[in-house]
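Quick one: this structure, given as structure tokens, is what I'll be asking you about.
Letters are used for the chains, namely A, B, C and D, taken in the order the chains are written, and counting of residues starts over at 1 for each.
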């Protein structure tokens, strides 16, 4: 029984590691300029914790194998180093990991959150609501028209509550259901929620940020691969949460201008 | 037995009549059993709910028999609607976290064994103790009732994030009555647990038998004591939070609802509330709650393990110290649930470090367990198997915490199935293994009958392997950025993961079914199991010095005098035993564990 | 002995059945041959405003379903000769309570097809059952939000692909109850709940209100964008009165 | 070495009086009805429990305080409201009630002889109860005053928190009143444990402290 348990634990430990080592299921490949920092951090953590995981499970298994069902003839032994040794070990191993991961990790975090967006970052506004994202581009004047919550109406597709008859700035705003961005151009994403808590998660872009009703938050990122990627909501927002999606298309600058003109025509 | 002569006056007289004996009982042992029964009912309900969820996730358009019968609106013809999935998910989580993981290891075992292990006749305030159970039961009934009123229970998840939980029915099915009932139920539950702490803490501090110094208390006593301290602070914060939520619902206040929200094309009347306020209040409770669920498990495992290793753990003080450190740190780490919540990124880092550091005491405890197995005389029985399983699970689940403790990585893993896998392993499965270990260890004492060891071992193997089959794949899904709380995976990058979900579903159904072996075992053994001796496991602590089941006043009017610490194993004890009872006569001076 | 009771039960059952049937027949106001009707056309004066196209890209299924024919808003839909579609006409004055109390036995159907509501507007009588069905392979939720003052209860339920129809009705008169799908925010329609005979205009703005007893009435036309208009009309026994409406484009 | 419980407890135990008598004055029972566990020097559990309760209540109000501060910072809609003056009178009443309760308890120190229910000193207890009732009534008047100004629970976050905090406190005071009435009942019927009295007094004083804290908080924040 004990030996079986030992073997089982080892099989489980190694078995659990296989899909990770073999990269069976992976997140969409990174297409952002900052993503590699996160990926590196991830793989570092994976290596360090993976080793700890395997070693500790195997030790558990070996000890069970060796010391189970020993009779009175065997004397109780004491682990060399004793408890103090283990405490020191824990501080050394975990402490070093904490420093390695914690301190190095802040670098990547700072890259994403502490560095302000560049001066010529392209502003795009995103509004989350049950259960869709809508995007707004400022248009030629580069200014977003004011939002009138009382005018928000999905029935008339006035998702942002714009008053195009009175607000000059709103007249040329371009509202879209899909987010298209030019490649290698920094995007400054201005986020607000129309109703509830939502979240803006683009796995391929390695960005995730909650929408907090009443707060205007922002993100900035740069895409470096042309393609069409998914934007999903990761904050439970109601029955349609699972289907709260949008698409993020990274286009060449020319295609992007073409697309923007098309959308402008549709307004 | 070496005990005091009979005490002239009992703390309170033995109750007469069925009602006072078994229903409105003030006997801590009966109350403990009542809590245990409540936990069983809740865990079975929660498990069935999880089955429904799993089947739906694996085969989204499958018609699930029976579900349509219970909620014709939620599942027309057994075809699950998104709202029903989320409602079931919410109820599964709420039942499991509050009414299983808090009730079973803490309230149930704590009530039964805390007074016995410190050598007391009963809790100091038996009526308050009785109230704490009945209040908790009311909370349970209120929660379950939400299945049957309006358009069902809330779908806001067990975290009930505002404003989804605060703007009312327009936000979705169950957000009206269902959400209010949820908040009411949790508020009541908090009261129940506070009443519990009111008994646990004085029992530990004031009712210890002569000679039962702090350094002689069993690990479990410490665990329950620490847990009740945590519960005291955590539940005292969650309760007002729930009151605020209820007021936002029924009284039109705006604590959590921000201005100018437009829900379903209707402008919400509230204004100026703070969305993050709820998250802060909730997680200030929420993270300690995780340890409220797991610390008693640690205590039970340490207790069961040292008995079955036939040796004391390497260091008593270090284990207790680590538990205290964990409890202390657990209040500084809650922010790691909110890394991407729009909280100031600096505070995210501030929360990240204690979160990483809290793994040090946890690691120390695990290492002590491992190191204590070294050159021990490990006995294999159902209890020790589950204790060892706990260690394995705790390692796996604890280590994945390293990912989530880092804001950087959390960008990718937040709200994915990685989180689900992590907290199920470290909190749910580990805690449940602790409960199982406790049951197989203490059942003889609680009911005076032995459990069937063979069935116990079968139960262990199916549960151990099954749990890994269920929860390890969750981590892979998480790495593939599979978002949690989705009722289906349609036309997106997660479609190729559906086979993994199906595997998990099958594993979940099988493992769940295996739990009925356990149910059969406890029910059958309760009535037809072979009678339990006083001390079947050759254990040393006080609960093993009295008959099984214990008499009404635990020590038959006597008062134990404790002369040894709780873990005198592997020593040359009296008449050839390898252990010394805690209340053995002073004369017996056991040798320290012999070195080899 | 036994047979005796059986006979008694049989007799009892029979009599109950008879009473029920009688009751049902009496409750139905028998349609008089003298009933007339109101017919006519609703036109738009001026050019219809531009209807924004709908971008369904959030749900690939909807995009596929509508591949080829672009969809647009349905706030104002005009057919041949500027006929206004989706206008609901009903008798707002002149019906006796008995006449307005009777309700048709037909069941209007509100279909969710290609991520749009077809028809965009359905009219129904107070207490008349209507049916919500889905022809889509994606899940919709139906979320009507009546005015709380009217006493109609808002509801919100989902229909996964292949779900059974939802059959229900409205307790109180209300013009008009907006209904939407939150999962597909562009999906938007109306339930118009009236008392007495009603009609909805077809693609070219033509309508016919059947079964109108002879008398003088006020007929009201409702259009989601342009609001309501009312006109008086006299219906002779067995005759079809004609009544045209014209809405001004803003 | 077996120890006789009677021996061990004799020193502190005064024989408990049965539920018998109106005729005879109830005695103090320093034994407090606690379990005899012979763990020397451990206080009666109730005196630990009351601190546990006080800790829980403090946590609750701490949570509400932080909620109030966060809420005040989050919205632009916070209107200052002027506290009804009666609150200050109520404060005086509540503190006075604590003093009277002390007067009562002072006469009941375990050493002292237990007076009969007819004894004038027991009047202090009833005075305390009456003052407590006055306090709650005074709070009620304060709410009425605000409502007269058109400030209801949902009118403004400041008024919301005012009603919430004062009501929460009032509920706890009512609980304390219940405790005092229980003591009054014990006085007439059976034995009164010193610990019960001490606990009730601690709780009642805590109500003062809590109220003064709330008053300062409301005065500073609202």
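By our rule, contacts are C-beta pairs under 8 Å (C-beta built on N, C-alpha and C of every residue); 3 or more make two chains touch, one makes a residue touch a chain.
Predicted, not measured: the structure shown is a model, and the values here were computed from it.
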Reaching chain D from chain C through chains that touch each other, fewest steps: 2
Interface with more contacting C-beta pairs, comparing B-C to B-D: B-D
Chain centroid nearest the full-protein CA centroid: B
Where chain B and chain C are represented by their mean Cα positions, the distance between them in whole Å: 54
Distance between chain centroids, defined by C-alpha means - chain B, chain D (Å): 34
Distance between chain centroids, defined by C-alpha means - chain A, chain C (Å): 47
Computed distance of Cα centres, chain B from chain A, in Å: 30
Numbers and ranges of chain A residues touching at least 2 other chains: 129-130, 154-155, 214, 238-240, 243, 245
Multi-chain contact sites of chain D, meaning residues that touch two or more partners: 74-75
Numbers and ranges of chain B residues touching at least 2 other chains: 81-83, 172-173, 258-259, 264-265, 272-274, 276, 488, 490
Interchain contacts (touch definition) - all pairs: A-B, A-C, B-C, B-D
Complex interface listing, chain B residues touching chain C: 61, 73, 76-77, 79-83, 151, 169-170, 172-173, 264-266, 488, 490-491
Chain C-touching residues of chain A, taken from the complex the two chains share: 129-133, 154-157, 159, 176-178, 238-240, 243-247, 266-267
Chain A-facing residues of chain C, complex: 52-59, 73, 75, 138-139, 141, 156, 158, 178, 180, 182-186, 188
Chain B residues within the chain D interface of the complex: 3-5, 7-8, 11, 119-122, 124-125, 194, 197-199, 201-203, 205-210, 212, 232-233, 235-237, 239-241, 243-244, 247, 251-255, 258-259, 271-274, 276-277, 280-281, 284, 559, 561, 586
Contact footprint of chain B on chain A as seen in their complex: 1-2, 5, 8-9, 12, 16, 19-20, 24-28, 37-38, 41-42, 45, 48-49, 52-53, 56-57, 59-60, 63-64, 67-72, 74-79, 82-84, 86-87, 89-91, 93-95, 97-98, 101-102, 105-106, 108-109, 112-114, 129-130, 149-150, 152-155, 161, 193-197, 199, 201, 203, 206-215, 217, 230, 232-243, 245
